[in-house]
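Every chain is named by a letter (A, B and C) in the order it is written, and numbering of its residues begins at 1.
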Amino acid sequence: MTPTTNSELMSTAAILGGLVQALASNRIRVIDLTQTLTPEFPQIALPPEMGQCWPFRIEEVSKYDERGPSWYWNNFSCGEHTGTHFDAPIHWISGRNLANNSVDTIPVQHFVAPACVIDCTSEASANPDYLLTIADIERHEANHGRIPKGAWALMRTDWSKRHDPEAYQNFDETGQHTPGPGTEAVRFLVEQREVLGFGSEAIGTDAGQGYHLRPPYPCHYYMHGAGRYGLQCLTNLDLLPPTGAVLICPPLKIEKGSGSPLRVLALVGQDT
Amino acid sequence: MTMPMMHPKRKNPVLRTQQMNLPPGARGRVALGITTAAAEGRFELQTCADCGAVQYPPRETCHKCLSPRLNWREQGGEGLLLGSTTLHHSNDLFFRERLPWQLGLVHLDAGPTVMVHLHGEVGAAPARVRVGARLDRAGQAVLIGFPNEGSAHMADDKMLREMTSDPKFRKVLVTDGKTEVGQAIVRALVKAGADIVWVGHAEPWKKMGGLDDISALPQVTLVPLDLTNGRSVTELAGAIGGKVDIVINNAEVHRNFGIASRRGTDVAKAEMDINYFGLLRLAQEFGPALKGRSADGATNATAWVNLLSIYALSNFPPHGTFSASKAAAHSLAQCLRAEMRPAGIRVINLFPGPIDDEWNQQMPPPKLAPATLASAIVKALRDGVEDIYPGDVAEEWLERWRDNPKVLERELAHGGG
Amino acid sequence: MARQRLSYAGVAVAVPVTVPYVRYSTHSAHWFIGHAIDALVKASGVGKDQIDGLCLSSFSLAPDTAVGVTQHMGLSPRWLDHVPTGGASGVMCLRRAARAVQSGDADVVACVAADTNHIDSFRQTLGSFSNFARDATYPYGSGGPNSIFAFITANYMRSFGAKREDFGRIAVDQRSNALKNPNAMFKKPLTLDEYMAARPISDPIHLFDCVMPCAGAEAFLVMSQERARELGLPHAVIRGAIERHNAYSEDPVMVRGGWRVDRDDLYAQAGVRSADIDFVQTYDDYPVIAMMQFEDLGFCEKGEGPAFVRSHSLTCDGSFPSNTSGGQLSAGQAGAAGGFLGMTETLRQLTDTAGSRAVAHAHLGLVAGFGMVTYDRCLCTGAVILGRPA
């Protein structure tokens, strides 16, 4: 470990102080990228013979009534992958043997990281099965600079604006039709850009038809296989700059947890 | 002839909704034998095992030979009407509110003389009649004198409609329209003349076949209803609870696992969450409104139907956790029946054998066609019974179960048959 | 061959008392029993402590029985009976009391029938009247025996050609008797037109075919003739008495009562024929039953009841004085006291205390009882012939 000098200490205090000031004066805004947990928010749907992720369910314990005269509280239940949630590497078979692959062991500094927002709004609106390409990434970088190592790559589709669960899930008899990354784009982000993880607005990080890609669910396969993370069911990505935002997204500290519902916040500077 | 019932006029909203005053419901324990049979649609009387005498009212001993060996035997009910009367006065509130009311005295060919509620199509005494047993609004057996040959509209008889839950002109909630069974029930209800059929539609993003066909029927309205979500049940009850006359709870989760064949409890929980807790949530939200309207005119709230399973009686290990959830639901349905009885709402439990659906794909025939199950429900509503066991498998299980539940348990442990 | 039975000779029936009827009372049955016993004591000069037998009939005592009544009234009898035969209880209390006196088990037996009537108590009594009523008639809404007697009446009308007018004659004549009875609940005359125009209750039963439930008591004393003479009590004697239960149970609907089984015995005990009877008190819960008693007690043959009432006047001064108090149809039905009404009225007729209702030259009176519709008919029948002491 390198000895810390006085000037560096001063400097971090100043940084944090400055951050606090900037937050207080709204020069740095905090954007909530989280969907509200409600029973009506859909969950991932798998074939019925498979194990299922629990939807969010909530039940009053008491509400200033005979069950508890002066207090209101609820019990809730859900899966690790319910609502806006975090995917840890252990979630996928490709990441099962990695070190620090579950939510309780992931280095906590990963929960605060920069984010790049790749805008695929027009493509996704034209084609719900749209798959992010390397070309999309290169176009983004041409305009906004190279995606730094250790940053989140967020795919903006405005899919979260589909408030009707049926439109959001967008099933037909051939399955789900939601946008996600193509196999090559995933490998590019993992291998060439060493991103921290991939985030999407749809129900999964992979496209609705991701099962039919090679390998099936490539984003899960490659991201988690490389120890990277996933964020899904994000919203408000349209409020983020293409680059320069900082995500704060710590999942619950669940022992050997494969993921967790969480609050995803973005710090956005006024000048970005 | 019974005058065909006309579509009732809309209710005057400034008038107080009539409340239920039940007919006298007290019976001695031995008389409950008639109720037991009537609950399954049969008319049974005590028959002496020693001298063969048939007797009524029920007794603890044979009135002819004093034998205590009295068996309940199904009766044809043929008899001669000796006299009839029309009540124009009654000290009992239920009847006072429904006067005039016809009664008869029938000499059964089997021996006893019985007092009956008399169907309007029965002519003046002496006349041949057929006596049957029905459950009245108190849920207790009463005897009814039917005409030997009824007309097409005999079910519309005012007295008979009080004993039954005919869907005609009634508003019905079917809790799950996404299954073939649900869709068959909806079609059967529409055919039976239901006024409105609300059809529950959980997780609308999951596309299942057939829903478009039934939602195209003019009587049908799809409604969001997910029995695992208390708020969904509450919100639907708030929207339509005050209008529902019949609840048909057919929502179920059915998986084919025992204990060892499936690790964990997620499947069992999903089964319990719909099959048991779903019923509980539904009953808590829809029960009170139903009870409040049980005497509300000609299309009063009248019945609650639960799709259980013959596996509720005895566990079928290959479908072990499903069986357990249905046993729990059966137990809760008995509680519901007890709680609905003071309002005169009938709780009908269905105990079908394997239904011909994807979760019984590997069960050998005979399997119950969804349409057959649906007609059984409509028939149960029309006949006013409490428990039905549709299908050959269910009937056989029931027979074995009644004969000896322990033997059936052993048989099922060895894979059924 | 039946053993020769002991006659009722030497037994006196005396001191008819009536606790005036009221439609409803807030008192319990005990209040009426107390008044009745008090009236018996005052009218007889027998002290309360000299009443050593009590025979009681009441529907509204529950949870008490005659046992609780002894403590309630401060009585200490050495013989006690509680007779649950309702409309037949007058005859049956008398038979039991008479045997107690004859055997020496008691010297002075007070026979008391009393019931109270609260608002709604009639309905509650009906629902718990019998196991069979609870299981097989009460659930049908008839609200009591009205519908059972509607069937019996309709069947009788169809079988024997009786018309409503025939039953009307019984009701109208009894009403005219009631107008002379200060204890009767009904004070207005009844015409046949009014009878015919009455509202249906459970057709063919109409309003004036039904009795009015009320509260009240009837009572009398039974003792030896010797004792009665010592006390200077006018009394009647028992010439014959019968009872029968659950007769003709094979008849699918009631067309005859148990009197028919035992009537020859009755007249043989008394050594008289039916034609010798000067007046009859039938049990008249419905007119059709009064008509059946005319037949079954031998005043006419089965099926001749309609013709019989057409050819007779049933008033106190008529050709066949019947129910000279007005009967229950016009005096009211005070529960089990209705089963005593014919008995107290007959005692008044035979002890010359019937006032303007007195039947001329009345020496022999017949009192019939009929009680307990447990299911589709009354099960208890009884009759007694009372006469003046020799």
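For this structure, a couple of remarks:
By our rule, a residue touches a chain if its C-beta (ideal position, glycine included) is under 8 Å from a C-beta of that chain, and two chains touch if they have at least 3 such contacts.
From a predicted model like this one, the values you see are computed outputs, not experimental measurements.
Under the contact definition, subunit A and subunit C share the contacting chains B.
Once CA atoms are averaged chain by chain and compared with the all-protein CA average, the nearest chain turns out to be B. With every chain reduced to the mean of its CA atoms, the largest distance from subunit C is reached by A. Across the two candidate interfaces, B-C and A-B, the one carrying more C-beta contacts is B-C.
The geometric centre of subunit A is 94 Å away from that of subunit C, both derived from CA atoms. With centres taken as mean Cα positions, subunit C sits 48 Å from subunit B. Here the CA centre of subunit A is 51 Å from the CA centre of subunit B.
Every residue of subunit C that touches subunit B in the complex is listed here, in rising order: 122-123, 126-128, 131-132, 134-144, 146-148, 150-155, 158, 199-205, 249, 252-253, 375-376. Those residues of subunit B whose C-beta lies close enough to touch subunit C in the complex are 23-28, 31, 56-58, 63, 82-92, 94-95, 101, 103-105, 107, 113-117, 125-126, 136, 138, 140, 142.
Interface residues of subunit B, counted against subunit A in their complex, comprise 203-207, 226, 228-232, 255, 264, 266-267, 270. Partner subunit B is touched in their complex by these residues of subunit A: 39-40, 42, 45, 49, 51-52, 55, 57-59, 165-166, 168-173.
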